[in-house]
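Below, each structure is written out as structure tokens.
In the two assemblies presented below, chain A is common to both, partnered first by chain B and then by chain C.
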Partner chain A sequence: MGGDIDSITYNGGDFLDTRGAPLHYYCMTRIRYFGPLTELTGTNEEHLKITFPLTVGELRGALEQQHPALAAESFRIAVDAVIRDTDTTLSAAGEVACLPAFAGG
Partner chain B sequence: MSKPTDALRNERYLRHYELLSENARHRLLSTRFIVAGAGGLGCHLLELLVRIAPVQLEIWDPAVLDAPDLNRQALYTPQDLGQPKATLAVERLTAINPGIQAVAHVRALNVTAYNEQHQSPPHAPQGSSAAAPQAAHSALLDCLDSFVARAGIEPIAQALAAPIFHGGVELWYGQSTTLLPGCGYSDAFGPDFAARAPAAKPILPHIPALIASLQVAEILAWCESPDSTPLSGVLCVYDGRRHRLDHIQWR
Partner chain C sequence: MSIFVDGGVDIAMVAHAVTELNRDRRVGGQNLFVGQVRADKHPEGVVTGIEFTAHREMADAAVSAFLKRIVGHDHVEPVGDATAHSGDNSGTALPRVFIRHGLGLIPVGASPLFIAVGTERRDEAFRLCREILEALKSEAPIYGKELLDSEGHKWKVNQ
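Entry: the complex of A and B
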């Protein structure tokens, strides 16, 4: 980052600056918690400032910084209603859902 | 000459007969439904299913009825305490619909148990198929209470090329999805799904009722269209505190 940006291009994955380098930027992102995670975080929904691009694993780390109790929990992350693997890089996210699996019958 | 689906031409099915296609009726009657768990989800799911059709059922559950089960396990009464749930379920379901064919197995469903009950093991050699006695199709109905137990039924579904209709509940929440042949729990819940902790004990009675209803809706959708259902590749998550249903794609 740094310096003036004359134009931004989008290559379908990252946003790029004029030098073709990935551009880092932040968005206020809606985060939703399900099941017992709502008790641990004290909320079912919040908006957090997330810096993109980042991987799903890094996103999880950011959420754990906000709510340390999440570190011990098993859950998957869905971005805009699609579950993503940990190593998937995200350029943007409108809504993030933290989904534990409910085991009982 | 009678058709295979004539068993549904009975007044007791009049309210929904016309809502099912001939293909769906045929599949309902020609499928062996292997039910893992006769607890909260299982009771609701089974009652709905036997009211829809005179289905073929295998009901697997190792447990006996405990007092805390009575808040949601709708087939049972206080007089049943201490008795095996699988046996009780067959008795009650047969009373609801005497046309069903139901067998109780008072043990947990896994490959070993399945092999002991069936001549053709689900782990048949590649290229052969496990037999489905008196049924053209098989389907597994996952009403289990742990992901470790779910890992135990997945090989049976794979060997039978059978779908798994999954339900899971906890506290105020629940989820349902359908694993068509070729998909497994790890696709929907991640590679470490079996390490997921057992459910917390508190559960409200309407949560399993709702999730079981979603499972039944999926079974009927599969009978209509075996290659694609609304929840194949999709997790339907219910938040009972906020009355909200979300659909999350996992494939």
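Entry: the complex of A and C
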């Protein structure tokens, strides 16, 4: 971050500045909540300003800042319809889904 | 093909699947599972219905993935009324699989889930139907809000 940026390259993961350092950038990101999480957050979905890149664990932290009640909940996070591990780094996310234990059938 | 239907599973869908499988001369056994909303008694009240929601795109993708793993293909057959049938089934992959899950409010006694499997022999029909059912419960992001006669609610937890 900081300094003049002459060019930005894209390595398929992070966006990089001329020194090869990852650029941080934010996107208004669609966040969806399911099951009991809809009550804890008071919504089925919302758009939050998320700064990328970040890990799934950091994303969860950002969601907990917005909704402190999430901190006590067990749920998995799917990004663009795929459940991701906590340490996965995200350079972008079209849709984030917060999924507590499934209860179909 | 999405497994989801609005409201409960119509018994005509079950009749259609049975009829469709009856017409398939390769099939020697059908196994059906029809889930039903039960009037569970909780300390907070008695269940009067369940309101189902899902991440539909993810749930359908999960169904496709577990069918490939369990059955060997991911073709979920269409279900219409009992008079609609394809006639010649020889080009349809065996085992044949029908799955439907309801969304929205489904009252006690109505059915949120229907699975039918048609196979050559009975052992496979029993096994596949059970495995599909368990995979659906554990791998598809579907949620149920149990509505109670006390006008409260409780989130369904699979046992």
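Structural remarks
Operating definition for what follows: the second predicted complex is superposed on the first by the 101 of 105 C-alpha atoms of A that agree within 3 Å, B and C clash if a C-alpha of one lies under 4 Å from a C-alpha of the other, contacts with A are read in each partner's own complex, and residues count from 1 in each chain.
The working rule: a residue touches a chain if its C-beta (ideal position, glycine included) is under 8 Å from a C-beta of that chain, and two chains touch if they have at least 3 such contacts.
These numbers were taken from a predicted model, which means no experiment stands behind them.
In the superposition on chain A, A:Ala97 makes contact with both chain B and chain C.
Legend: residue contacts after superposition of the two complexes on their common chain; A:Ser74 is shown touching chain B, with no touch to chain C. Contacts of A:Ala21 after superposition: neither chain B nor chain C is touched.
In the superposed pair of complexes, A:Phe34 makes contact with chain B and with chain C alike.
When chain A is checked against chain B and against chain C, the one touching more of its residues turns out to be B. Touching of chain A by both chain B and chain C, each in its own complex, is seen for residues 34-36, 78, 81, 97, 99-105. Listing the residues of chain A that touch chain B in their complex gives 34-36, 38, 44, 74, 76, 78, 81-83, 97, 99-105. Residues of chain C that touch chain A in their complex: 35, 52-55, 57-59, 61, 101, 112-113, 133, 136-145, 155-158. Across the complex, chain A meets chain C through its residues 32, 34-36, 78, 81, 97, 99-105.
Those residues of chain B that touch chain A in the shared complex are 37, 39-42, 142-147, 167-175, 189-190, 192-193, 195-200, 203, 208, 235, 237, 239, 241-242, 246-250.
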